[in-house]
Every structure is written in C-alpha cells, then in structure tokens.
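Structures for review follow.
Each of the next two complexes has chain A plus one more chain, namely chain B in the first and chain C in the second.
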Partner chain A sequence: MIRRFYQKHKHTLTLFDGFFLNNTVLERGLVIAPIIVAGNTMKNAVMLSIAFVIITFFTVLVSSFIPKKLPYTIRAIMHTVLAAILFIPVSYFLQGYFPEAVYKAGIFLPLLVTNSLIVSKGESRFFKKTRGVMAVDLLSHVLGFSLVACIVGAIREILGSGSFWEIPLGLGETAPMLMFPFAGFILLGFLAAALQKFRLYVTREPKALAKEETAPDGSEQPESAN
Partner chain B sequence: MGETIQIGKSRKKQPLDEASKMRRKKNGDILFALIPVLLMAVYYFGVRSLFLAAYAIIFSVASDYLCLRLTGQKKWQRYDLSSLISPLILVLILPASIPYWIAIVGVLIANLVAKYPFGGYGKNIFNPAAVAFAILAIGWPDRVFAYPQPFDSLGISSTVQASLGQGIAYRLQLGGAPSISGMDRLLGHFAGPMGATCILVLIACGIYLLARRTISWQIVLGTLGSSALIAFLFPRILVGRLDSVSFEMIAGILLFGAVFMASDPVTSPKTGWGKALYGVLLGTLTMLFRYFGKMEITFAYALLLCNAVAPKCDEYMAVAVKGVKAGCRALLKKAGSETSPQEVQP
Partner chain C sequence: MSELLNSFASFLGDYVTYALIAMFLENTILTRALGTSTSLLIIRKRFSLGLFSLILTVITTLSAVIVYLINPLLNSLSFRYFITPLVFVLIISVVYVAVLLLTNFCFKKLKEKILPMVHLSAFNCAVLGALLLGSQGNMNFPSFLGFGLGTGLGFALATFLLSIAYERLYSDRVPRAFRGFPAMLLYIGILSLSFYGLIGHEISF
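Coming up: the complex of A and B.
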C-alpha cells in the first residue's frame, strides 16, 4: 500500500525526498560524526538538531546569493564564514536552554559550521535549483537530519540509560554500551540498512518486480504461463 | 518439468567439491572438540551451562536463517556449521553465571554485526565470537568478568544467587599470585570463564585438532610460545618465573582462544610463515594488553586486531622469506666463487 501511494505521488514526494528516502545521514552518510559522538541522549539530539537546522538552513539560503563568478575556494570560505557568524547567536541561545548538553557535545557543536551540506552540497545540489524549490529541498534535508538525530538519541537514551529526556523510565536492564560512539556507528548502520531496504521496496515498480521474479530461472516461466 | 527433476537428481549425486570437503572436516572437527569442553562446563557449573548453550544455539540458528533469507539465499551452504560453532565458543568464554539475555544479545551481535554485513559465512573479516565477546565485555563488564566458583549451585533461573568472584586474570593484574595448587590448575578448580578453565581437556582437544590438521601448529605455537616467553622474561608476580608462565597461560581465555578461535580458517592467514607471524603477533599483543591495559580478558581484542592484519601477514612474510632466500643464495654464490679458485690452484 505504501508502495502504491509512493508510486502515485512520486513527483510531489521527490521534492521532499531529502527528509526520508534521500536522507542526509542514512542515505548519503554525511554529517554522521555529531550524531555518533554527541547524539547519545534525547536532549543532546534536540540541541544538535536545532543548531543544525538554524545554521545550515539560513547559511545556504544566504550564500546562494554569493555570485558564482568568484573562484570556488573563496566561495567555500565565505559559506563557512557566514555559518560561523550565524553560530554565535545560536550558541548563546543553546547555552541558555541546554547548558549541560552544550558542554557534553564539546567540539562537535562548533564543527556543525563546516558540515558538508554547507561546504559542498550547496554547490552541487541546492544552488542549481530555483530559490523556492531550493528552500523546500533544503528544509527537508535539515529536518531529515533532525529526524535521524532524534531517533538515534531516543533509542540510545532509552536502551542505554533507561530514561527519556532525563526522566527515568524504570527499565530493569540497560545496555550502557549504547552511550559509546562505537554503538552509535553500529546503530546508524542498521538504520541505514533498514532505510535502504525500504527505499528499494518503495521505488521498485510492481511491473518490474513481476518481470524480475520470473526472469532469472528459465524453468519457471512455462509453469507461470500455464 | 522433466528438466527440473533431472536437475534435482543430478544435484543429489554430485560429488563433494574441495571446499565442501574442507568445510566438513574442519567444522565437524571443531564442533566435535567443543563437546568435551561443554561437558566439563556442565560438570563444574551444572545444567545452567547446558541451558546457556541451548539458548545461544537456538537464537543463533534462527537469526542466521533470517539473515540468509534477507541476503537472498534459500538455505545454508553445505556443512556450514558456523551457526552452531560461534555461539558455542561465545558461551564457553563467558562466565556460567551470565544472564541468558546477555548471551542471546551476544549471539545476535555475532551474526548481525560481525558476520552478515561482511557477506556471511566464509567472508567475515573478524571472528564473530570475538566481536561479540569484545562488545559484551565493554557493555556489561561487571557481569562478564564476575565468575562463580566451580561446584557452586547456580540453578537455572536467569539471575544467579551464588556469590561471584574475580578470575585469575584480575588477580594477576593487581600483582598478586593466586593460591592454586598445580593439579587444580590443570583440572580447572578455580573461578573463570565456563569453558576456559579445564586446562587438561583443552590441551587434549588442541592435540586432537592439531593431529587432524584442523588447526595449524604455527598459530598455536606462535601464540602460546610468544606469550609464555613474555611471561617468563617479565613476570608480573613475585613468586617465580615458572609460576608466572603457568598462571599467565591459564588466566583468561588464552588457551581456549589459541585452540578454538585463533585458527579459524576464515579469518587467519593462509601461508605457513604468515600464520607464524600472526601467532607471534597475537601472543605478544595479548600480553601487552594484559600488562598495560585496563581490561581483564584481552585475548579477544588482540585477536580482532590480528584479524584485521591477517592478509598483510601473508604478504609481508612472503616478501621477507623471498628476500632471505635470495640473500642466502647470493651469499652462497659469493662463498662459492671465493673458494673455487683456491680449490683449483692445487
């Protein structure tokens, strides 16, 4: 049913595919470091998401006005400088709301300034579109990052320390290893594999499916014909 | 229709190819050698260890089948017993008091993290049991490194009421010598991992596997020899060098790992010299981690590192052996050309 819905509304949905099917983290493998290292509680994940959404969205929007005549090196530097300027108010805002989480995230929060959506994807994907389409695409990309960060943060906090938003849930057994970075890698790998499976399922057209099932084994074809 | 029946018949009559034969011999031997170790565990720690093994095997086979179907295969390869061997190995290097669910998590990690993402049986880079043990040891160190005494009644419930103690490896780490008599050391009358304490049985299994050429003597000798040498030269305890060697040998899972885990044909080097280098590296790393690390059981971590460099062991040793041979030949030639004129003169 999901597949039929997707096939029907394919053209509308491809506009938002950065949110889920073409996810920044799970599908492309970009910006995974903050999620793996710092995204081990829900609070950290929300903080990272807010910082990422604000910094990336406005930076890419503004930097799309930078003229293309400048050489790439200078443009890339300007993008990061814009992001760094934007980071100052964002960091004050976050320190007010999540003082501990900002301390825990350490270097990975300032490092969002040089994330690959700003540095390379802006040039290779977003600036090629018209501004309206670009804004929608960009928004779905940054929200897709937030979605993954929150899922990973929630799973790791619930199973790793038995709490959610620092409220204990009263689980009997926990797996403290989920708080370590290596478990973040493994978890992200499984999520990426699941998304890949889902994407293949959804994007495959039913007719192609029927053809492929019979094609490899020649002996089965007469039976299906009968 | 007729064609399909013919295919089915001819498949049954097909003789075993070389790979299947090797698989049958090696996997069958290792599984056979694991049985006495498991029986010793049952003798020392009660029926609970049998239950642990049963749970582990059931979940391993189930998850294995699920992964096989997910990767598009219909059934197991011929004589692929790895879904029985790796859970048994994993369970035998855990303490008998481990809750069932931790063992099951370990088995799932072995299959889902270490085996199938790399392509399934025969393609895994790292030993699945070692990966699972390494992750469990980081995840629940207070459970994995707390051992019951032999002949304690553990019951078969998931949580164990008996008092748990530290293993030999922990005492060696603190610099104290455990007071265990020579015969008890051999028979396994001390707290430790479920299957890694019955030293005599392990030695017998090792000799059996060596005689059948299922495991290679280079790896076993390299591992045990290098670690014994380090223990002899730099003892951690003050009661004597030979005692140091014997305690380091029986501590942790060194002997069990050298026999059952290091020689895994999938993850170890292929050439003789490569195996020797691999074994020496494994023993040295294990001892170094023991001396300078915080972990109690270091063999699994050393094994994972060595698994990663196993193909390079083959390469480097091939180059080294070639170089030494060429050098010897050149020296002989030189010596021959120097001596031959003298011989001619008289």
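Coming up: the complex of A and C.
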C-alpha cells in the first residue's frame, strides 16, 4: 500500500525527498560527525538541529544570490564566511537556552559552518533549481538532518543513560557504550540499512520486485557520501 | 651549542608526540568522524590518497601556524567563542588562495589533477576541526605544527583502512539493505571501537 501510494504521488514526493528517502545523513552520508559524536542526548540533538537548520537554510538561500560570474574559489569562500557570520547570533541565542548542551557539543557546533550542504551541495544541487523549488528541497534536507539527529539522540540517551531530556526514566539496565562515537557509527549504520531497505521497497515497480524475487541481481549500488 | 641541541630535541619531541596523538589517539575520522564523507568521496572518485593527504596536511599545517600566531589575541576576547569560526574560516581562505596560486604557478602540469583536491580539502571539517581542537589546548608552536601534520596523516591512515574494505562492502555478496554506505558505517564503527580500545577513555570534544 505504501509503495502504491509512493508510485502514485512520486513527482510530488520527490520534492520532499531530502527529508526521508534521500536523507542527507542516512542516504547521502553527509554531516554525520555532529550526530555521531555530539548527538548522544536529546538536548544536544535538538540544539544541533536548530543550529544546523538556521545556519544551513539561510546561508544557502543567501548564497544563491552570489553571481555565478565570480570564480568558484571566491564563491566558496563567500558561502563559508556567510555561514560563519550567521553562526554568531545563532550560537549566542543557543548559549542562552542550552548553555550545557553548547558546552558539551564542543567543536561540533562551530563545525556546522563548513558542513557539506553549504560547501559542496549548494553549488552542485540547490543552485541549479529555481529559488522556490530550491527552498523546499533545502528545507526538506535540513529537516531530514534534524529528524535523524533527534532519533539517534533519543535512542542513545534512553538506552545509554536511561533518561530522556535529562529526566531519569528509571530503567534498570543501560548500555553506556551507546554514548561513544563508535556506537554512533554502528547505530547510524543500522538506521541507514533500514532506510535503504524501505527505499528499495517503495521505489521499485511491483513487476520488477516480483522478477527480482525469482532471480535476484545485485547490480544497484546506493549512493554514498556526497 | 648544547642549548641549541636541547631546544631542537624538545621541538622535535613535541612535534612528533602531537603528530602521533593526532594520528592515532585523536584520529580525525575514527574518533571524531570528521571528514568521513570526504574520505568516502575520494575513495569513490579514485583520487590519489597520498596527494590528497599531502594537500590536506599542507593546508592544515599552514593554517595552524597562522592560528598559533593569532590565538593569544583571540583568547583575550570575552566573545571569543562566537567569532572563532569566522576568524578561522578567513585564515583557511587565505591559505586556500595561497595554495591555489602556488599550484597555478609551480605545478602547471599537475594543475588539473591537484585543483579539485585543493577545493575539496580547504573547507573540510577535518581542517577546521583540527584548528578548533588545537586552539583550545595550551599547545606550543611545535605541538601545533605536529597536530596539523598528524591530522593529515591520520586522515590518510583512516582513508586507507576504509579503501581496503570499500570494494567488498559494495559487492553483491552483501545483503542489499546493508550494501554500500550502511555496511561502511558499521565497518567504521568497528574500526572506531578498536581505536577507542587504544585510547581507553572518552575523548574531549
């Protein structure tokens, strides 16, 4: 049923691909460092998501007005400088609301200014579209990051430290190793596999699916980083 | 004379120690996940790993020298945290342009090969991350230089380890749901676990 719905509304849903099926983190493998290392509590995840959404959305949007006549080097510098300027009010605001989370996130909050959506995807994907379509696509991508950050943050906090939003849940057993970066990689790997499985299911035509069930072929390679 | 030798030995000691720390104990990809997507991209596009790492090391080390000089001034500011990314991005930009000019004038034959790598490595999380980490601690000059070198070498080491498994993890023998990127993440997680075993404690951000 889900597949039929997807096939029927494919053209409309493609516009919002970045949120789920073509997710920045799970499908494209971009901006994974903040989630893996700093996204180990829900508060951290929300704080990183707010920063990422504001910095990336407005930087890419404003950057789209930079004339393409300028050399690529100058444009690349301008995109990153814009993000770094935007970081100032955003981090000031976040420090007021999430002082502890900002401290815990360490270098991963400032590092958002050189995230791949700003540095490379702006030029190679977003700027090729009309501004309206670009804004929707961009919003889907940044919200997709937030979705994954919050899912990962919630799972790691609940199972790793037995709390949610720093409120103890009274769980008997916890797995503190989930708070470490290696567990972040592994958890993200399983989530990426689940998404890949779902994507293969909904994007395949029913006939192709039936054919594959009888004679599997392994030619398709999912897109990885970038 | 012996004083000169002593200071040289001390310089070398700090330089090598911090290079090893950055390479193994605080590996940019395996302990902080910085530059993971770039690493996978250069494997996929079959860029020369040695050349890319050299460019990354040069950009990180040159930027680290400037950051070292400017750091005392930054530290004296109460709003340091908010403007640090802007200052560091401007420093990287200067180094980026300098490396591009150097490539244009000195390596004309290799220009086509080098330029895409320079573009990719300049505004890389690994470079900015190394500068942010270096500026947080009270490192001396050789330590700062060593940390820059170690970051580049650590990136090369981790990318080499990923490139070994790349073909296998994208092969038909891996279940479709896990094939490619998901399996690669699990593989990096296991490698990261082994590096965690080497460190034995949680790293500071």
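The rule is simple: the second predicted complex is superposed on the first by the 210 of 226 C-alpha atoms of A that agree within 3 Å, B and C clash if a C-alpha of one lies under 4 Å from a C-alpha of the other, contacts with A are read in each partner's own complex, and residues count from 1 in each chain.
Everything that follows uses one rule, which is that contacts are C-beta pairs under 8 Å (C-beta built on N, C-alpha and C of every residue); 3 or more make two chains touch, one makes a residue touch a chain.
As the structure is a prediction and not an experimental result, all values here were calculated from the model.
Novice: So, A:45: does it touch chain B (first), chain C (second), both, or neither?
Specialist: Neither partner.
Novice: Hey, is it chain B or chain C that touches more of chain A?
Specialist: C
Novice: Using the superposition on chain A described above, determine whether A:159 touches chain B (first), chain C (second), both, or neither.
Specialist: Neither partner.
Novice: Could you look at A:173 and tell me whether it touches chain B, chain C, both or neither (first, second, both, neither)?
Specialist: first
Novice: Touching A:181 in the superposition: chain B (first), chain C (second), both, neither?
Specialist: second
Novice: Name the contact category of A:189: first (chain B only), second (chain C only), both, or neither.
Specialist: In the superposed model, A:189 contacts both chain B and chain C.
Novice: Using the superposition on chain A as set up above, list the residues of chain A that contact both chain B and chain C.
Specialist: Comparing the two interfaces on chain A, one with chain B and one with chain C, the shared residues are 180, 182, 186, 189-190, 193, 219, 223.
Novice: Please name which positions on chain A make contact with chain C in the complex.
Specialist: Chain A residues touching chain C: 27-33, 36-38, 72-73, 76-77, 80-81, 83-85, 87-88, 91-92, 95, 104-108, 110-111, 113-116, 119-120, 179-186, 188-190, 192-194, 196-197, 200, 217-226.
Novice: Tell me, which parts of chain B touch chain A in their complex?
Specialist: Answer in residue numbers: 1, 3-4, 7, 101, 105, 112-113, 117, 135, 138-140.
Novice: Which of the residues in chain C end up touching chain A in this complex?
Specialist: The touching residues are 31-41, 44, 81-86, 88-90, 92-93, 96-97, 100, 119-120, 122-125, 127-129, 132-133, 136, 170-173, 176-186, 188-190, 192-193, 195-196, 202-205.
Novice: Which part of chain A faces chain B closely enough to touch in the complex?
Specialist: 173, 175-177, 180, 182, 186, 189-190, 193, 219, 223
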